[in-house]
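Here come two complexes built around subunit A, the first alongside subunit B, the second alongside subunit C.
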Partner chain A sequence: MHFWLTMMFAPGFFTNEPVMTAIVVGGGAAVVSGVVGVFTIIRGQSFAGHALADVSSAGGSASFLLGVSPLLGFMGMAIIAAAVMGFADMRDARERDLVTGIVLGAGLGLTALFLYFDINSMSTSGAAITVMFGSMFSIPAAIIPLTLLVAVGATAAIVVAYRPLLVGSLSAELAEVQGVHSRVIGLAYVLALSLAVALSAMTIGAILSTALLIGPAAAALRLANRPGSAVILSIALGLAATWGGILLAYDSFYWTPGHGWPVSFFIVTLVLLFYVAATLVAHRGLGRARVHPAEVRSS
Partner chain B sequence: MFAGFMMNTWIVATMVATVAGFVGFFVVARRSSFAAHVLPFAAFPGAAAATLLGVSELLGLVAFAGLGVLGISQLGRNDRREVATALCLVSLLALGTLFLSMTREYSQGIYALLFGEVLGISTSQILPVAVMSVIAIGTMALCFRPLLLDSISPELAAALGVSNRFWELQFLTVLALSTAMALPVVGALLVFSLMVGPASAARSLTDRPLVAALLSVCIAVVTVWVAVALCYLSNWPVGFFVGALGVVSYLSGRLCRRYGAASYRLSPRRLSSNAR
Partner chain C sequence: MTIGPEALVIDHLSVRLAGRMIFEDVGFTLARGEFCGLIGANGSGKTTLLRTILGFTTPVSGEIRMGSVGAGRGPAPVGYVPQKILLDPQLPLRARDVVVLGLDGRRLGLPLPSKAREARVDEMLGAVGASDFADRRIGDLSGGQQQRILVAHALVRRPPLLLLDEPLANLDVRSAAEIVALLRRLCDSYHVAVLLSAHDMNPLLSSMDRIVYLANGHAAAGKTDEVVRTEVLSRLYGHPIEVVHIRGRVLVMAAEAADETVSVIPADPAHAAPTS
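Up next, the complex of A and B:
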């Protein structure tokens, strides 16, 4: 038993401070992304979620310049972008696709500009890789309280608005009939979405945070036959992928001496494995795919 | 600004803008902004892979762009298109992070591949881009009508015996090839921004598809010229200017549409209301 434990957890895993910070921050990101991700897929806004994550990297790269906490940078930019996207006319699907694309292009342009200033002013040539691909083991421990606050806040917002949000996501007409203000609900959702992507952009990097947002939720929606169980399954899969990825990355220092494999790579690989497994299981007919409006109405 | 070493930049930027403007017309018509974003960004790890294996950079880019097309079209069969596209992007990028961690010397090149370094283009880079531009524009021009029909009304196209899947694959392949070729020269961000911004303005200015496509090319070329000139003067990254000009294009398109100019929408609703 002891042998297998040391095989699994390389020495020092539980006493290493950067690892503990990564576990807490990554766990927070996985929980929020898991909850928000289910709604993102049901609402068909994966592109918007991905765009917000990418645009938030502009805030991340600006935070180096301003000397503020990176989380504040990521969050600030994500919220600004979400407000711009929400301000534009989003009822037409074509318009939504275009506005998202335009905001994404402009946001990434800002990222390029800020990174250029970063590289020039303080010769942090690694900033591009840190911001875009994340470096989990270099997150400062001081950021934990703020991270947990954001994670709890965003999750609580979704839980409070759970019922109307779900109804509004599945059918806007039904929501109107039931007296739900779909605009208010939409705004609350977009706010939670921007908090979720800011958290995961900071942990596994701006362009990979989409994996944590979409992957576990897509897998969960294949397996679960009720929205509630999809949310819980999505959280569980996200946590398993994040913590498993951290563990594998830590152990990889011992496989290839002196050279660790990137955490983000392991997290995304695990997420994809879960998705493929879920697809196979759903194909065998063991789970019923999709949440259907009729089920919500009857439940 | 027009010194000898800048000539290559002007030539290549113009070619890339021409292709991006033309392909961008279909990107907007097909609502494929996400795919247009994903293919350049998913292709760039191919460059790192190629360095690792010691093969030509272009080969790596084309291979990864091909993987992206396969992923989007295959995964898209049994899940939502957006979800498939997102998962495809992250899986290729995850490979990219792995390769990057193995080749430390490559990390400098990342910034250039993502955001572009247009001010140092060698003469040997012109020919591949030119060949690719001709192929991409030629294919799109030959398939203009069926592709347009499939973009505007997939149901009508299917009823007329046009295979939606075939055209989707065809479109993605051209998109992938044209981005792979331009990537090492101008960066992933610039290719993407040039595909969305100019075409979004063009669709608001005219009702006729062919005119819109040509207008989109013109706006893209002007955008890239202004961006390169500003980049030369300020030394700021060119991707920033192209992104900002994309916002300008989009907003001016919307203003034109609001204030009386011809409203141009390639939507089935409009087609059916015309028929009535």
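Up next, the complex of A and C:
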């Protein structure tokens, strides 16, 4: 038993401060992404989520120039982008995709500019990798309180709007008939989405954050029949991928002595594996369900 | 048929959308327990009228009055079943959850377990004949089954008025007949006024108490046999119309139509007049 534990958790894993910081910050990002991701998928806004993450990279790269916490940078830019996309007049899905794509492009343009200054004038040569693909073991411990605050805020927004969000996922009209203020609920959701995206951009990088937002939630939706269980399963899968990724990255220092592999790679790979596994399980389950007589006769 | 107090009063209602007059001076009254068909061709303004009653569209003139909910709290004393909504098979909601959301969907925060709520939802699921598939994912159900669940969602708060937008449009003949029979039963047992839009009145003929016929920007309302008549509909359309009864069906067609240009209303080919 002890042998396997030491095989799994390489020496120093539980006493290493960067590892502990990564576990806490990554855990916060996984929980929030898990909760928000379920609603992102059922609202059909996966592309918007990805665009927010890409645009937030402009904030992350500007934070090096301004000397503020990257989390503030990611968050600020994600919220601005969400506001732009939220207030643009979007009547149909096609127009929404169009505006989203244009905002995404403009945001990445800013990222290119800021990263250029980061690398050439500030000589922070690792900035591009950190912003785009994350470097979890270099997250400063000082960021933990702000991370937890953001995580709690985003989760609270979803918890408060939980039932109106679910009715809205059936149909916006059904929600309005019940007196749901769709605009207010939509704003609460987009705010939570911005915060979730900023948190996971902070951990696995802006480009990869979509994986944590969409992947665990998509796997959970394949398996769960109820909203509560979908959210809980999504959180569990997100945490498993994040913490599993941290563990594998830490262990990888011993596989290739001197340099470990990036955490983000392992997290994203685990997310993909979970999704494929969930899809396979769901297909077998569906085959069984089809045996039941679907039609119901009534008088 | 029990006629209760008024559930809906429409008075001299006119609606304009994007500068175009959709309908003008529409008026009718619906009592609780009445089953009313809102009939008209595609584009005649049926959906707009329903959306105006729901408050989604503001009329240029006229008035809409609705009865108030007895025991329930909250706004909109009206249940609504929208036109074919696409339910994602991935939606993590069982049929039962959709009905629960009809009860408390506007509440904030997480739902707490409630025996009373469960009982009410179970009763509603039974009333629409959905008990057998209540625990299946809503997106996995057939069109007719989803329709029943959406009716339960709309009725679970016991509104005095239920609006349905083309609920029969995507159903096969048998499922459509079942839904109509179900709505007729709910009308009587829940004492709810039902206003159902359809482009074809035939599946409703045996069940509806009243008809509101929309054409040419105007409406004729009343008992079915008072409204669906050659002279009434000719006046409504503004040109000669013939109402033909064939094998228990009603066909409304342009009277002077030559062979090539027969315009049969409804346009549904399944109900076109047999030629032999």
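For this structure, a couple of remarks:
Criterion: the second predicted complex is superposed on the first by the 284 of 299 C-alpha atoms of A that agree within 3 Å, B and C clash if a C-alpha of one lies under 4 Å from a C-alpha of the other, contacts with A are read in each partner's own complex, and residues count from 1 in each chain.
Operating definition for what follows: contacts are C-beta pairs under 8 Å (C-beta built on N, C-alpha and C of every residue); 3 or more make two chains touch, one makes a residue touch a chain.
Predicted model only: the values in this text are computed from it and were never measured.
Steric overlap between subunit B and subunit C is absent once the structures are superposed on subunit A; the two fit side by side. Looking at the shared chain after the overlay, A:159 reaches subunit C, while subunit B stays out of its contact range. In the superposed model, A:94 makes contact with subunit B only, not with subunit C. In the superposed model, A:169 lies in contact with subunit C only, and not with subunit B. In the superposition on chain A, A:272 contacts subunit B only, with no contact to subunit C. For subunit A, the partner that touches more of its residues is B, with subunit B and subunit C as the two candidates.
In the superposition on chain A, A:211 makes contact with subunit B only, not with subunit C.
Touch criterion met: A:262 reaches subunit B, while subunit C stays clear of it.
Once chain A of one complex is fitted onto chain A of the other, the partner contacts of A:115 are limited to subunit B, with no touch recorded for subunit C. In the superposed model, A:41 makes contact with both subunit B and subunit C. With subunit A as vertex, the superposed Cα centres of subunit B and subunit C define an angle of 80 degrees, given in steps of 10. For the pair subunit B and subunit C, the least inter-chain C-alpha distance in the overlaid model is 9 Å.
The interface of subunit A with subunit B overlaps its interface with subunit C at residues 41, 44. Within the complex formed with subunit C, the subunit A residues making contact are 38, 41-42, 44, 159-164, 166-167, 169-171, 173-180, 220-222, 224-227, 229-230, 289, 294-296, 298-299.
Partner subunit A is touched in their complex by these residues of subunit B: 28, 31-34, 36-37, 41, 78-80, 82-83, 85-87, 89-91, 93-98, 100-102, 107-108, 110-111, 114-116, 189, 192-193, 196-197, 200, 236-237, 239-244, 246-247, 250, 265, 267. Residue ranges of subunit A in contact with subunit B, taken from their complex: 41, 44-47, 49-51, 93-94, 97-102, 104-113, 115-116, 119, 125-126, 128-129, 132-133, 205, 207-208, 210-211, 214-215, 218, 259-262, 264-265, 268-269, 271-272, 275, 279.
Of all residues in subunit C, only 54, 56, 74-76, 78-80, 82, 85, 87-88, 90-94, 97-98, 101-102, 104-111, 129-130, 132-133, 135-137, 140-142, 145, 153, 178, 181-182 touch subunit A in the complex they form.
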